[in-house]
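Two complexes are shown next, each including chain A; its partner changes from chain B in the first to chain C in the second.
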Partner chain A sequence: MKHSVNRPPTPDGAEDQGNEPILQEIIKIKLIESGEKERLMEMLRERLIECGWKDEMKALCRAYVKKKGRNNVTVDDLVHLITPKGRASVRDSVKAELLQRIRSFLTSAAL
Partner chain B sequence: MSGPNEDNNTQLSSHIFGDLLDSIIVDVASECHRIAKLGLDRNLEEEEEEMRLSAQARARVADPSNSSETNTKYVVDIFGQTHPSVATEIFECMNCGRSIAAGRFAPHLEKCMGKGRKARLKVTRSSTAAQNRYLRGSPVSTYSPYSNSTSTNRLSNGTPSVAGEEYSNGTYEEPWNKT
Partner chain C sequence: MSSKINGHVSPQPCPHLLVFRSRNGPKPFRALQDCIRVKPPGGRAAIRREPTEVPRCGTCEESSRSRLYACVACAAVFCHAPLLHSHASDHSLSIPGHEIAVDVDRAELFCCACGDQVYDRDFDAAVVLAQTVNATATTSTSGSTAMQCSVAGSQPENLRKRRRVDYRPWEPDSGEHISRGNQSIPLLDAANASLVSSTQQPWGLRGLNNLGNTCFMNSILQALLHTPPLRNYFLGDRHNRYYCQQKNGAINGTKNSRLCLACDMDALFSAVFSGDRTPYSPAKFLYSWWQHAANLASYEQQDAHEFFISMLEGIHEKVEKDKRKFQSPGSGDCCIAHRVFSGILRSDVMCMVCGFTSTTYDPCVDISLDLEPNQGGSGKSSSAKSLNSFNVEADCMRPNQNCGISTLKGCLERFTRAEKLGSDQKLFCQKCQVRQESLKQMSIRKLPLVSCFHVKRFEHSSIRKMSRKVDRYLQFPFSLDMAPYLSSSILRSRFGNRIFPFDGDEQDASNDLSTEFELFAVVTHSGRLDAGHYVTYLRLSNQWYKCDDAWITQVNESIVRAAQGYMMFYVQKVLYYKESENQGTS
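Let's look at the complex of A and B:
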């Protein structure tokens, strides 16, 4: 018999959380399937461009590239460079707006 | 809405928001990487080169040896070039066909087409019409009457000829007006 048939069942994540992880996954799938994720992404992108966040990030990248030299830079480098600063510098109003949208989707989808 | 659900919702929302933000960050990083590799952004080395050149030019302008613009014969402009005081480009005079330097062209034309005594000898019947057209619009200038000219256009008594090329005492007369 194939080893895979006798595979023990996938653990349920942390038992005390109930089926939260699975719920999470379901929600995420719903998000993508309904197209809401795309809409949220576009909205977030737009807001970030409007408030200059994207330009700040690009400036950081440019400075880094200038320092390191054009040919020594990888995408990974830039991602690691931008992620902490990027997460911290999102404007509060933008974040609030997006969270609101997501929350209302969750409540409507959970029903 | 029960309490725990609210918290979970909030937590989930933040988690989803974090995912979205991460995706966008990767997009931006990828875009910047592409621009850097392809050199599409205003080239960084070029920028430095330009800055260096402009700093050089600025230093030259501020140089005390070039304090007054009319000081030396050779004036240095902002690009560091010097121009000789007499323009040196050479081309052909359309009247006499000689090679003339640009800076000497005006005086040459004066002699070639206008007031020079020797120039008169070059005038032929066929070119008088062209010269009429040229001279009619020109300002009045004082010419001494040419009484000893041997040109066939001249009347022997020295009055303005039919061609209207001569002026006496600064009075301009139409060719067909005889005083």
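Let's look at the complex of A and C:
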């Protein structure tokens, strides 16, 4: 079975979690605490709907369900189907905007 | 695997869910209910054990790359990424009875053993309740029943329960059998075949003379003459003009019959369907309408849509005086005009500060749609100003839609989209007791028999003191499914994947009617705002006919598709007769 190269390190169960928090973790926590993550998620959802990405994914799912039959498809199948295509077809403009927002959040949070 | 509840297909629970429910008493999701957190505004429901919890997989500490599921039995959180690893599945395999989990970010149930989403009415009801009731610290999240819930169960006062009557097909009794044989003339048989052969135009096609800039009236009349329920009503003698005038003459004691637009319609139908093909002058009708709409009585050009509305009002006005009983608005019980065209629109206004939603229902006889302000797909105009150049040209990958072409479906999507009202349009929120910024969403509660779509092509700006016409082409389909624009669909998409009865579902008989519509008439406008011409295209027995005042010609459907639609008339597919090839069948 293939393992993703990006798989995060599995920490030892007994190890204390607060020993060495990496920068990524701090940023994540700050994003959630300030509510910025929620806002970013909403903005992302909006953009993906606006540019038609959501409809494209829906169409893909529909076609697949039609082919396989309604009772033979699970959520996992659909996720498996659209994850690679979905990730690849996010518009660059959306990615750029998201990065910009995160960057400006970081400067304002003075990390 | 699914059953019908109230006409909607509901998924059956999987065996693991059934076992879970049977083992855990009447309220198996009780503990979960306290963990439902709703983030206003917009009301997305999430599952968090503590309000500020950052969920992490209990096995690998993962918190962002995979979907996270909380086991309903033991509240432990695990990740689920079927491509990589699924600690949620591992957990369900290791402990029997722990197969059911809930997606922490979407509050949707999942069976780890089946690897698929499952649905439970009680759980979905609890989530929807939490989303509609304001779940802040001051109110309890366990859903107090005293609170008015606009979604769950309560019926607005202006909608009455309709009595369901079983359908029984009509059979003539013995008396009718005899009179049918003796006195009726078959419309189409060998003797009459010369009158209407397959090469001739269908029944009811007759030109209307222009009496002086009356193309606005002629175009609408042509559409109405071939509106199936309306045509059936008048041709079926449901409004007999002789009887009506006689009755009114008797009441008033005068020889002159009272103004009755329905009588004039009846006369028009008789004239147009008489079989006479010479163009007809609807002078009497015009005169009657002038009397009804005195402010529009002139030989100036008028707006066809305005005429349409005024006509329906005219028919309604006359009838209402006869029937004394109060009719609920939107039911269409008052007059034939409303029976055919009246639908009900639902408007949800949500306060963006506290999440409180107020819902109103309004009857409507048509839907007026805006064309998009900018060229470039039917999405919102880009709000990321610096990235404008990215959005428009390169990325138009919407399926079935070319860049830059507006479609009727796009307009309907925009019509039913949640719209943030500007800060200058703050609406009063009952909960906050002040004006707040709001989110408004329209949807269709009840579909009419005939849907009329009016494209707002004439813009009147009082600020700039000018009017202009928008000529942009709008693509419209010949068959239209209105399901995505219904309130039930819009509400479902707002709350995520739920099975939950939305108000009115049980009572609403229109659930049994299909949502599929067929186009039968298109009124087009060509020319300028002050000097233009209306033409109607009619679809009869799958042929298209152009009705240009007195001239009726058969045209190819491509001409119709390319025409500049101003008003489009769609009838419910079940009422649209597709004529059989053999015209002589009885």
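By our rule, the second predicted complex is superposed on the first by the 88 of 111 C-alpha atoms of A that agree within 3 Å, B and C clash if a C-alpha of one lies under 4 Å from a C-alpha of the other, contacts with A are read in each partner's own complex, and residues count from 1 in each chain.
In this text, a contact is a pair of C-beta atoms (placed from the backbone, for glycine too) under 8 Å apart; a residue touches a chain by one contact, two chains touch by 3 or more.
Predicted model only: the values in this text are computed from it and were never measured.
In the superposition on chain A, A:Thr83 makes contact with both chain B and chain C. With both structures placed on the common chain, the touch criterion links A:Thr107 to chain B but leaves chain C unconnected.
Of the two partner chains, chain B is the only one touched by A:Leu99; chain C is not.
Shared-chain residue A:Thr74: touches chain B and chain C both. Judged by the touch definition given at the top, the superposed model places A:Lys28 against both chain B and chain C.
Touch criterion met: A:Cys61 reaches chain B, while chain C stays clear of it.
In the superposition on chain A, the residues of chain A contacting both chain B and chain C are 28, 70-71, 74-75, 79, 83. Within the complex, the chain B residues that touch chain A are 1, 8-10, 12-18, 20-33, 36-37, 39, 41, 44. Of all the residues in chain A, the ones that touch chain B in their complex are 20, 24, 27-28, 31, 37, 40-41, 44-45, 48, 54, 57-58, 61-62, 65-66, 70-71, 73-75, 78-79, 81-83, 86-87, 90, 95, 98-99, 102-103, 106-107.
Chain A makes touch with chain C in their complex at residues 3-4, 6-8, 10-11, 17, 28-29, 32-33, 38, 42, 47, 50-52, 55-56, 59, 70-71, 74-76, 79-80, 83, 89, 91-93, 96-97. The touching residues of chain C, when paired with chain A in their complex, are 1, 39, 42, 52, 54, 59-65, 67, 82-84, 110, 114-117, 377, 379-380, 382, 384, 387, 390-391, 395-399.
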